[in-house]
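Look for subunit A in each of the two complexes below; its partner is subunit B in the first and subunit C in the second.
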Partner chain A sequence: MGKGFFIDLTKCTACRGCQVACKQWHKLPAEDTYNWGSYQNPADLSFITYKLVRMEEYVENGKVTDWLFFPDQCRHCIEPPCKMVGDMDDEQAILQDFDTGTVMFTGRTRNLFPDEIKGSCPYDIPRACEDTGVISKCDMCFDRVINGMLPACVLSCPTGAMHFGDLGDMKAMAEERLAEVKKIYPNAVLGDPRAVRVIYLFQTSPHRYHGAAVASLHGPKRFTRKEAFAKLFKTRRPLA
Partner chain B sequence: MTNHYIDLMNSDCILMMGANPAENHPISFKWVMKAKEKGGKILSVDPRYTRSSSKADLFVPMRSGTDIAILGGMLKYILDNNLYFEEYVVNYTNASFLVNPDFGFDDGLFTGWDADKQAYDKATWTFQMDADGIPKKDPTLQDPNCVFQLMKKHFERYTLDRASETAGSPKDKLEEFYKMYAATGAPDKSGTIMYAMGWTQHSTGSQLIRTMAMIQLLLGNVGNSGGGVQALRGTSNVQGSTDQAQLFHIIPGYMPTPRANLATLDDYNATTPTTNDPKSANWWQNRPKYMASLLKAMYPDADPKDSYNWMPKLDVGQNASWLVLFDHMHQGKFKGFFVWGMNPASSGANANKTREALTTLDWMVSVNVFDNETASFWKGPGMDPGKVKTEVFVLPPAVFCEKEGSVSNSGRWVQWRYQGPKPPGQCARDGDIMLEIFSRVRALYEKDGGVFPDPILNLNQKDIAKQGKQFPERFDSQKVARLMSGYDVNTGKQVANFTQLKDDGSTACGNWLYSGAWTEDGNMMARRDKDQTEMQANIGLYPKWSWAWPLNRRIVYNRASVDQNGKPYAPQKAVIKWEDGKWVGDVPDGGWPPSERHPFIMRPEGYGQFFGPGLADGPFPEHYEAKECPFEEHPFSSQLHSPTALYFADELEKHAVCDPRYPFVGTSYRVCEHWQTGIMTRWLPWLLETMPQNFAEIDPELAKLREIKSGDRVIVENMRGQIECVAIVTPRLQPLKIMGQTLHQVGTTWHYGWVHPKDGGDSANLLTPSVGDPNVFIPETKTFMVNIRKI
Partner chain C sequence: MKLGRREFINLSATATAVTAFTGLGINLQPSTVKAQLLKIHWAKETTSICCYCSVGCGVLVHTDESGTGRCINIEGDPDHPINEGSLCAKGAALYQVVENENRLTKVMYRAPYTDKWVEAPWSWALSQIAKKVKEARDATFVEKNDQGQVVNRTDGIAHVGSAEIENEDNWFLQAMQRSMGLVYIEHQARI
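== the complex of A and B ==
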């Protein structure tokens, strides 16, 4: 069944320990940011920013009633559409680890078309390097996880918002916590719990957090011709 | 903290006011969220809707500097609605004490006000004594001169209307807040307060915290689990630095600094607090033992009576606090200055004055891990390096993980750290730098002699330095820790704790509060044992994990959590209980059987104080406006400002009261991503990436008024200075309707400085005033007046 995350957004305080821990473990350089009138810096994910805490003020009658924090990252889909599309051009560009379920982008993603890969992702995660064309995203701290360690982001979380473990356990934890949280937040919901390995618990409608917080927000999935073929091929091919 | 971080989870209601723990004490939020998980309510009262507010059950907006008006309103609400815990109030507080009938209060001033001296004569702030010299009491709380009735009368003016009108907080929200918090007055409930610099840094800061302490006493919330008063300390070891007395008015263990009028040790000991009440422990009666042991720790070969004469002494009435120190430096009264792990050119109020003050020095030594605005002040904005005479020395210290030693957290846990990596290059541990400077100064005295050499020549070296080692490996933190904990001079054996200290010079102890941290059984601070009893496990108490002062007690004043028979008021989260002739649970505040001693053992009378005659600005708290404020009057009295606040006459004209040039209330704060003046975070690219420039937060209406959009560069300014920053326009701030006016607030941080990064902006402290609280002299950096404009 592989590994999974449970991210309880009712406990996220946007301290951004996860965002920084991710950079530290992956030795990613800092971006040369300029405050754009928000705490959310950098403004978006990038080739060198795999994890980003998005912050949205929810306003009713001119007053903030919620400040929603969303540590955004790759969901490591059970059936990753990025891989389906990528495999059409290079089967070694995007790998999926059988044991953990990690969806891993390799250097060979330079052989793929970045817009296609980005477009195939329901959560708008992958980002390409402008110079090399290599595409990157969260790798579930694969090198830590296979050594029995927690992903860097999970380890850094001070409030107990982020959890990591066997996917089944994470799902159970998410369901249990959802039932509890509903007492305070009746509109609380889990994000695509059957399709992904990174299960978010949203305290309110996911679209208030971020446009691509859950897949269904885009409406019914529309397939490009390549994606349609990719789907076809996928059924005949074992996991890498 | 009276309690400790884990204990937050046991609270039924956590008030976050004057603090923003999610951003500034992020780890604490683990326990806040646990409390919420268990059904506890989380309240956030703040000028801004913060990351902490986002997790609160209730957010109440307010105007910066009106906390006493708001809390006074809650105090009145509790009294009016009889929501206080009566048994606790009668037995454990001074509510029943009868006050001097000549004491009074009129229009913002207490009796004894001396307008010439700008100070109070406290002759009437006293209790009526019986024939035995014990305060007279009325346990029915009905006597018109009893503290309870006087308090009731004092807070009569703190109506919901006035509180709301002053603070700008909506009435319905305030009332909801009062109701939710006051519910913790039930004997088996507890509520707690998490506060930090948002409360302390006001000209009424001490009284503000007293107001909350009084609320906690009314509700029976001191001594129990999930209750108490939690001061969230601003840096990792600031609790330790206070314990070791890095303040002018105290010496280690919170003993008063000797003054010039106390010429001998006997004179000093004659000021020891006394009581005639046999049921009062009056713990400070032991002070002579702690003083003699401290002197013996400093000067092992001398009789304490002699070595007392070597102690530095303050003049009578001398104020050597931060603002005064820099004022004197500004006047050219200092030759040299050590600035150690600090950046006053950015961290102190009125930073431009501080920066100017540094130019008067002959020399300055900066010990810091990175370049900063203080070390490089001579080439800062507006400085002509050719004209600055100050010679600056920069010494590179080891960072926290490169040295062994203890770190004391807010919850008084003294935790031992081992050394990680060795300091790189020429970096040396602070202890080694100090010891080396001392050794060289001492050598000069030995060689050349000099005035008053005894304090230098006789200072203890054997308990500090490693034998046969040279700089930078001479300082021995383990030896120092053993000295701090104390030993018997004759046997050389470590004392078990401070109850074994003597006043005759036969024991040495560097800090009585830390006595017991290193015993004959070893280093208690290094313990990492999670063993606990079931009762301790129930409230998350780990008695064998590190060590806490005093005596490894984790919740202080815990004798107030039980009734007169030793039965816990909240049995489901008991801290201590009397069982089979002994106390179980936490270490009790003294081992006497129940009701044999009053629980507040550090007070001479043994009671929690509603009437607090020790403070400079009154025995009861009172609302005054900050020294800089947008109004010429307020509805509580005709006394606009605290009459006793610390300020400097030559700057008096520089305070903005209703100044149309500076119409907005400014406040300063920190963010999660940076630390203090940013010395240790601005140079870290990953942290700088997340918060790259200083910003000013304003409400959308003010933005419209000043034609400012989010992301615009703006100037925030007042008569003391100006800073450039990025505007964040956010509905998390709202204009407040106050006394018929619409009022806007501007919030900005003090994390940045001109040294690095170049586009980061400068510190909010260029705007904050040299005004201080009259008791502790902390600067009023949380409320000041500013203008904001687009560049």
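== the complex of A and C ==
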């Protein structure tokens, strides 16, 4: 069944420990940042930022009624559309690890078309390097995980919002916590729990968080010809 | 953790088991991901305490013993009772306290009325500071106040402490400043 995350957004305080821990472990360079009117910093994911705490003010009747925190990262889909599309051009560019379920972008992603890969992602995650054309995103700290360690972001989370473990356990934990949270937040939902390995618990409707917080928010998805072919030819991957 | 030959083979086998199934049917050609030995595998592990706030989170410092001898990774210590492995954004960036090209490693001096910084030796800088402290103290020392009470204080020097100074160092600082007659002794956390 592989590994999974459970991210409890009711416990996130947007301290950005996960965001920095990710940069630290991957030794990614700093972004050139500026004040763009939000504490969310940098403004968006990039080739050198795999994890970003998004912050959204929810305005009701001209008043800010909620400040929503959303630590965004690759969801490591169980059937990743980026891989389906990528495989049409280079089968070695995007790999999926059988044991953990990690969706991994290799250096050969330079052979792919960045816009296609980015467009195929329901969560708007992959980002390409402008110079080399290589595409990057969260790698689930694959090197740590296969050596029995927690991903850097999960280890650093001080509030206990992020959890990592076997996908089955994470799903059970998510359901249990959802029942608990519903007593306070009746609109709480889990984000695409059957399709992804990173299960978010939203305390309110996911569309208030971020445009691509859950896949279904896109409305009826229009496939490009390539994506349609990719879907048609894709193999049913045996799930452990 | 020591890694013997046997464990190394085991680990390599795990790494090569990373297989992608593509195309029609199962593609048996394994597309291996690079052998994933942790970069901190051969590193020396030292426990330490985060230098920032007073929570005192425990961290693990990984030092590359074979190569550069420099720090290669700092992360939360899962066995530490305070933080159990977690760190905030500042703590998670601790690595940069050690490894950052913007760190000052030499004394830099800017003389009055210039805009140029020049490198200076430690011995000169320390004695220069001592000289200036003595000058300021002697010039502003007050033995008695307006009412004729003995106060023995100096109003010309103020001191700002830091949360990153340890208890014992603080004792020395406090003793030194009191003996010189400072009364403006502050701490960075209150400003």
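The rule we apply is simple: the second predicted complex is superposed on the first by the 235 of 240 C-alpha atoms of A that agree within 3 Å, B and C clash if a C-alpha of one lies under 4 Å from a C-alpha of the other, contacts with A are read in each partner's own complex, and residues count from 1 in each chain.
What we mean here is this: contacts are C-beta pairs under 8 Å (C-beta built on N, C-alpha and C of every residue); 3 or more make two chains touch, one makes a residue touch a chain.
Note that the structure is predicted; figures quoted are calculated from it, not measured.
Student: Under the superposition described at the top, does placing subunit B and subunit C together on subunit A give a clash or a fit?
Tutor: clash
Student: Tell me the contact category for A:20 with respect to subunit B and subunit C: first, second, both or neither.
Tutor: After superposition on chain A, A:20 lies in contact with both partners, subunit B and subunit C.
Student: With the two structures laid over each other on chain A, which partner does A:186 touch: subunit B (first), subunit C (second), both, or neither?
Tutor: Touch partners of A:186: none, neither subunit B nor subunit C.
Student: Which of the two partners, first being subunit B and second being subunit C, lies in contact with A:158: first, second, both, or neither?
Tutor: In the superposition, A:158 touches subunit B and subunit C alike.
Student: So in the superposed three-chain picture, is A:87 touching just subunit B, just subunit C, both, or none of them (first/second/both/neither)?
Tutor: Once the two structures are laid over each other on A, A:87 reaches subunit C alone.
Student: With the two complexes superposed on chain A, say which partner A:63 touches: subunit B (first), subunit C (second), both, or neither.
Tutor: In the superposed model, A:63 contacts subunit B only, not subunit C.
Student: Thinking of the overlay built on chain A, is A:33 touched by subunit B (first), by subunit C (second), by both, or by neither?
Tutor: A:33 contacts subunit B only, not subunit C.
Student: Who does A:97 touch here: subunit B (first), subunit C (second), both, or neither?
Tutor: After superposing on A, A:97 lies in contact with subunit C but is clear of subunit B.
Student: In the overlaid three-chain picture, which partner chain does A:147 touch, first (subunit B) or second (subunit C), both, or neither?
Tutor: A:147 contacts subunit C only, not subunit B.
Student: By the touch definition above, which subunit A residues appear in both interfaces, subunit B in one complex and subunit C in the other?
Tutor: After superposing on chain A, subunit A residues 15-17, 19-20, 23-24, 158 contact both subunit B and subunit C.
Student: Tell me, which parts of subunit A touch subunit C in their complex?
Tutor: My answer: residues 15-21, 23-25, 87, 91-92, 95-99, 104, 106, 142-144, 146-147, 149-150, 152, 155-158, 233, 235, 237-238.
Student: Please output the residues of subunit B touching subunit A within their complex, sorted ascending.
Tutor: Listed in rising order, the residues of subunit B that touch subunit A are 22-23, 26-27, 29-30, 33-34, 37, 49, 51-55, 671-673, 685-693, 695, 700, 709-712, 726-732, 734, 759.
Student: Going by the contact rule set out above, which residues of subunit C touch subunit A in the complex?
Tutor: Residues of subunit C touching subunit A: 11, 14-15, 17-27, 31, 33, 36-39, 41, 73-76, 78, 83, 85-89, 91-93, 95.
Student: Within the complex, which stretch of subunit A touches subunit B?
Tutor: Within the complex, subunit A contacts subunit B at residues 10-11, 13-17, 19-20, 23-24, 29-39, 41-42, 57, 59, 62-64, 66-69, 158-160, 180.
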